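Working notes, beginning with the structure itself.
As written, the chains take the letters A, B, C and D, and residue 1 is the first residue of each chain.
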Amino acid sequence: MVASLFNRLVRKVVPPASEAARAGRHARRAIDAWRELLSNRGEVSGAAVAHEALNAYHELPLSARPAFFSLIASTFAPDPAALREACEAYIADASLPRLTRLQEIAASPLQKLCQRLNQTPGGTAALIDVRKHVLAGLADHPDWKMIDAVLGRLFNSWFNRGFLTLQRIDWHTPAFVLEKLIEYEAVHEISGWRDLRRRLQNDRRCFAFFHPALPDEPLIFIEVALVKGISSAIQPLLALDAPVTAPEKADTAVFYSITNCQPGLRGVSFGNLLIKQVAQKLGEEFPRIRTFTTLSPIPGFTAWLARNINDIQDQPTLDAIKALNTPDWPQQPALAASMKAVLVPLCAHYLINAMRDGEPADPVARFHLGNGARAERLNWVADTSPRGLKNCAGMMVNYVYHLDQIENNHEVYVREHRVAATHELRRLARHCVLAART
Amino acid sequence: MVASLFNRLVRKVVPPASEAARAGRHARRAIDAWRELLSNRGEVSGAAVAHEALNAYHELPLSARPAFFSLIASTFAPDPAALREACEAYIADASLPRLTRLQEIAASPLQKLCQRLNQTPGGTAALIDVRKHVLAGLADHPDWKMIDAVLGRLFNSWFNRGFLTLQRIDWHTPAFVLEKLIEYEAVHEISGWRDLRRRLQNDRRCFAFFHPALPDEPLIFIEVALVKGISSAIQPLLALDAPVTAPEKADTAVFYSITNCQPGLRGVSFGNLLIKQVAQKLGEEFPRIRTFTTLSPIPGFTAWLARNINDIQDQPTLDAIKALNTPDWPQQPALAASMKAVLVPLCAHYLINAMRDGEPADPVARFHLGNGARAERLNWVADTSPRGLKNCAGMMVNYVYHLDQIENNHEVYVREHRVAATHELRRLARHCVLAART
Amino acid sequence: MVASLFNRLVRKVVPPASEAARAGRHARRAIDAWRELLSNRGEVSGAAVAHEALNAYHELPLSARPAFFSLIASTFAPDPAALREACEAYIADASLPRLTRLQEIAASPLQKLCQRLNQTPGGTAALIDVRKHVLAGLADHPDWKMIDAVLGRLFNSWFNRGFLTLQRIDWHTPAFVLEKLIEYEAVHEISGWRDLRRRLQNDRRCFAFFHPALPDEPLIFIEVALVKGISSAIQPLLALDAPVTAPEKADTAVFYSITNCQPGLRGVSFGNLLIKQVAQKLGEEFPRIRTFTTLSPIPGFTAWLARNINDIQDQPTLDAIKALNTPDWPQQPALAASMKAVLVPLCAHYLINAMRDGEPADPVARFHLGNGARAERLNWVADTSPRGLKNCAGMMVNYVYHLDQIENNHEVYVREHRVAATHELRRLARHCVLAART
Amino acid sequence: MVASLFNRLVRKVVPPASEAARAGRHARRAIDAWRELLSNRGEVSGAAVAHEALNAYHELPLSARPAFFSLIASTFAPDPAALREACEAYIADASLPRLTRLQEIAASPLQKLCQRLNQTPGGTAALIDVRKHVLAGLADHPDWKMIDAVLGRLFNSWFNRGFLTLQRIDWHTPAFVLEKLIEYEAVHEISGWRDLRRRLQNDRRCFAFFHPALPDEPLIFIEVALVKGISSAIQPLLALDAPVTAPEKADTAVFYSITNCQPGLRGVSFGNLLIKQVAQKLGEEFPRIRTFTTLSPIPGFTAWLARNINDIQDQPTLDAIKALNTPDWPQQPALAASMKAVLVPLCAHYLINAMRDGEPADPVARFHLGNGARAERLNWVADTSPRGLKNCAGMMVNYVYHLDQIENNHEVYVREHRVAATHELRRLARHCVLAART
């Protein structure tokens, strides 16, 4: 019986010999179908061969995928001998013909293969799917990096910003697309059609980028609330029964959620452009709107705090941090007030000064501050969801996009590794117990 | 006065110092605008900077273009020192990280720049325009080859077949697009709207490929006549007053004209795919149509004959060739008959056996036979237009696309350098006076 | 305090004097805005005046509507004196000019007014809304009949079948429209988006008629299941977790729900045409589908039975009818079997023989049999929903549309007041205890 | 031979017995197909029967049409006996049921028939075609008036302004529609595609009304030039090589041509609404445009002058009128000047004071002044086309649409039969030799 349990365990982790062999056979059959794409037949009957290759991929059992990816990496890499030769030739004479030849040899056959695969409907979607799985398994399969690199370069070319279309998403959008928003939303979960509907009403806006080759698939989408004054808490914005206000009277657009939909397109950056295009569009439609801001989570704050707690000796600070474990602390005014005095400066410090590789340690801060936005205001008890309380003690931050300061902020960011922030936030950050250490 | 004439001559060829200087200044100013695309500002404010760069290009005076292109080639090429280093590193260790680094360094900065330029509407069109001019001046400016190569690679990626849409062109198509057909048609000139209209009536079909980034610009288009039996002459197909027949009764689709619209996309091959997709579409719509054929010019025949005339001693052959200079020879039955006996075999020989670099010498033959079509029939007195008489003694040829033989034909073509042709054509070719020489 | 209670009661039923007066003032103000449409100003500035009239209607408090409708009926009726004169003139001389004049005078000014109201966006929708309320209040306000008649005639002209477009509804349809299906569905309630989604999957079809002036509003929609064999029960068709089958393999299309969406369009018949167009469309897409049938409720059966129970002396029959009150009788096999033996013949008799004004007494039977369909089969325990058990003892009926018998069936229906039914149904009907009475 | 000539003449006018008989048979067969629409079959199989009826109409030989129309008029008229009875019943009791019955009986069966005919694609177009021919033959066939009346009423209902869509026509419009503009243009002939193209460039606008049931058929279209200052001559506006100016700089929109496309829709007025909608649209797009004016022909001037010449004794006036026969008079400055002094006041008088049935005698004046426009300015030597010289001595007039005065002008027009005109035009009119007579 112990053996049987062991067997069952093993079966889960390592497929038994016969299964592994079967997976290997599947993978080899699929690789044959893909290799065909680079043959003469692939050149002449591109669409038909691509169709077969696509089918071979889709019929691959889950267990055969790793073997298949590894075969891709080994089969369709540049020929090292030829490439070495081309390198030597270039070193000897850096002429244009030799450069061109070097470039050609250096390009993986995989790249050509992908362009042929793309001839059949569904080709692009399949390649995005491949990269999604490759990225997920990269840690365990360093040889897949080559696939990631080739697809990453191709996607950067194909999903070039000039080929994207910005579309408004509203209640007139096909259900097929709306359903995906519910599925993909990564920041503040959409609980169903009723929730979605509230987010698409007249005082809300939602925009997405689409690509002509994937007409039913949003690449990225952003949700905006048109309000008066900069919002300081997320739950009122998301409330299903929040009264719908007149968008013409709003003076502020709050970007409260931005979601990348395609893990396979990681590294192709859409977000920066999307925010700016949406800000411009809203500014034209609603001339009264002057402020474009986010209401953003601070996903890395408490984890950072945990890593740095040993550097803190100050007892009130330690008490406040410890109080985060008190259930329902936001409902206890006195306690919450004492925590606020300590945690807000700490968080301001984290946002502005905590760096990794010269960039803000917090990933959301890195994105917006890197885009040229300015950290504007920290909001206490702004996100009382379990995730909000856990990750950032319920705080949220506004990053403001002043369209005419973005460039300059970015310049300073790149040149001096310094982020844009208000005086108030800097003042807060200076009062934090860890400030001296930076 | 002599001096003045000399001056005028010079002015035509070489711009005078001041003008050249002005052109240079223009070119440098434009290159500055383009360089900006690779700066931090280009990264943050991509669309705005791309817009400026585009304007700088469009405002460039004609005379400043050559200087501008040369500046592109020298400014945005890969750094030779860095590339040499990357080559040496790869030679020492052909690992994936070093390959990746080599690929990155080998990629011209121009490529990144073009992707940024593409962020603004009109970017793609401008780059196609650049390549058009670069290709036209390549002979005089070998340094521009680098631009050609980078753009060629990018276009092959962007205009990937999977991103193209096949659209039927008919009388419901916007005038804006129809006008371009009149302008672009390269094989049998469209004399105006009335001519175009006849070509779009119910027994004719026209299809084009479009790309989402150039929605108003056909990339390539093909014109088809739906008829009974394989057409043997072009003028009856083009006649404005040809009676419109019922397409359901046709058994043959004659592809009588195929035109690439964008010189700047040279090398991105659309034609092969277009023919096959259109053949498939027509086959589905009209199940009676079993034969898909071209009615094609033989543009290189008489030039080839002129180059080979010294090898011909046979007097009747020489007489027939000489008779091509007789005005109105097609109207003289006896003369024409004697010419036919000589010229048809010669032309069959030219089509099937005359090779250049292992491929058919005639460019149209190279295209269709390379696609897997079969040379079917030579038609005497098939194109009596001045161009038809001049280039190929009024003959035209049918290349038939048997959808189930294409692959095999192509295979043989690539492996054995042998083209597909009917027995009759081979028989004719064997009887030609030059046949022995091959 | 008694007085106060009385007051409160009164307030509910009859608006107190002041309120009634206020409603009257509102109604008169609105009628003034509508009268303006027939003035010179209405002629010149039609759209602007129509816009004002529309606003006046929409701003009308609920309590003022009855007064408003009555004012419409009295204000915009034909002038009786003028009409009498035109009648006399026609009686004296039935010439074309006098006929024309008679027609013009007989046409209510309301008709002209409505055509002007229609100049502003939303005009058609508002008039449909007016008729909806007028129809609902007709019993209490016989004077409103004139409004009903005028709008009915106009709608029959405007919603002429030639102006309708048939659209497939599926998961790519805008949410805005889908939401209305959930709201409107009248036969088998749609419980939410999940339920709707199952009804739109690949083995189901949904079609609706739309009118260009109401692009977001379905007028009528039909739901179809593509299955093997004629369905005999509704719950399996509606089950959320019913496996999705391949529509190409289906041989039967079951129309299981048809809903008129606009009460204000009552009397404009869309259903007949919709069924036939959908049957034709499905027949073209799926050549294997040969049977087009409904699975229909019999809404009037138990009510009819109750009205006729005094004519029944047969004790087993009376027992079976009484047993309908037994809770969960469908779960008691013996009881159900004895009930079936009695109730199925009774229901067959009801469907085929029970008439009102020469047409089937059951409204659904009247619709389908009047369209030329044939009563095919009675299904026992076919609809176990509370409504199904209550209205028709859980039975449902299939009406089959044989496209080539429809005309003949209708002919017989109209000429001989005889409905089309299978032999089996007729046989059943003959065995029922009430059969002799007809 | 005389007999033969006579025969040929007769054949042209009266079809010989056998031909007339054949036409009669054709007409009766078609009327049978139409009668079917009112039968039971027409009710059940509406679309199929309508399709047959449509075919019967389209296959009708030209010679059989008159007989067919007369059969329509006699076959589908209301029943006089029944209508008389309904009249008497209404006279006796003017109740709502009797009014309703009267309305029903008074409505021609033709109306119902047309609504059924409309169920098949092409139905609306066929009915418009019927009315076109009916209108053209009305003078000779007074019995057809009944058809005209019924269709006129139906069209007024179907082509209700609320159902029309305003579309901009430009170079992106399908050729199919553009071709119709060339064909239909009634005011200033479009000489071909080049001419059309100039009229669609950036400083010109063209708009049309379409109806959803006739998506490829413009109902009416208007051509506008965006210029500086009110245009005083038509040829410069129409010149093919007129430089294209920037529309943003224009201050005036000149409506220089408005064409009703469907003679069968005569009496359904689109023009008034089209002008106002286009003026509003242009005003929104180009805020600098403050003046909306026509540049209109005066088609009835010289004919009116001819009718009134006997009332003129003044010799200079008679000389000026006589001089209109001088070829090339516009090229003779002295002569032209003397003519202008006489003809401009006469024309001003004609425009403002010449009335027929209380409305301006000139049809174009009647249209624009009836719409509430104001006669602004008479332009001398404004239209030098043969038609312009012949009809109105080369003069044209501007009617200005002041959007805020239209209503008031129309009011005065209807109430006091007085047209809106500038002081200058009134002053001119007073100085004309015929002025005293009015």
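The rule is simple: contacts are C-beta pairs under 8 Å (C-beta built on N, C-alpha and C of every residue); 3 or more make two chains touch, one makes a residue touch a chain.
Bear in mind the structure is a predicted one, so any value in this text is a computation, not a measurement.
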Subject >> Joint neighbours of subunit C and subunit A, given as chain labels >> reply: none
**OP:** Starting at subunit B, figure out the least number of steps needed to reach subunit C through touching chains.
**Re:** 2
Subject >> Inter-chain centre distance, subunit B versus subunit D - centres from mean C-alpha coordinates, in Å >> reply: 51
**OP:** Round to the nearest whole Å and give the separation of the Cα centres of subunit C and subunit D.
**Re:** 42
Original post:
How big is the gap, in whole Å, between where the Cα atoms of subunit A centre and where those of subunit D centre?
Top reply: 62
Subject >> Residues of subunit D engaged with two or more neighbouring chains >> reply: none
Subject >> Chain pairs in mutual contact under the definition given at the outset >> reply: A-B, A-C, B-D, C-D
Original post:
What residues of subunit B sit close enough to touch subunit A in their complex?
Top reply: 40-41, 43-47, 77-78, 80, 83-84, 87-88, 90-91, 94, 96, 99-100, 102-103, 106-107, 115, 118-121, 123-124, 142-143, 145-146, 149, 153-154, 156-158, 160-163, 165, 212-213, 272-273, 276-277, 371-372, 406-407, 410-411, 414-415
Original post:
Inside the complex, what are the residues of subunit A that reach subunit C?
Top reply: 171-176, 178-179, 192-193, 197, 216
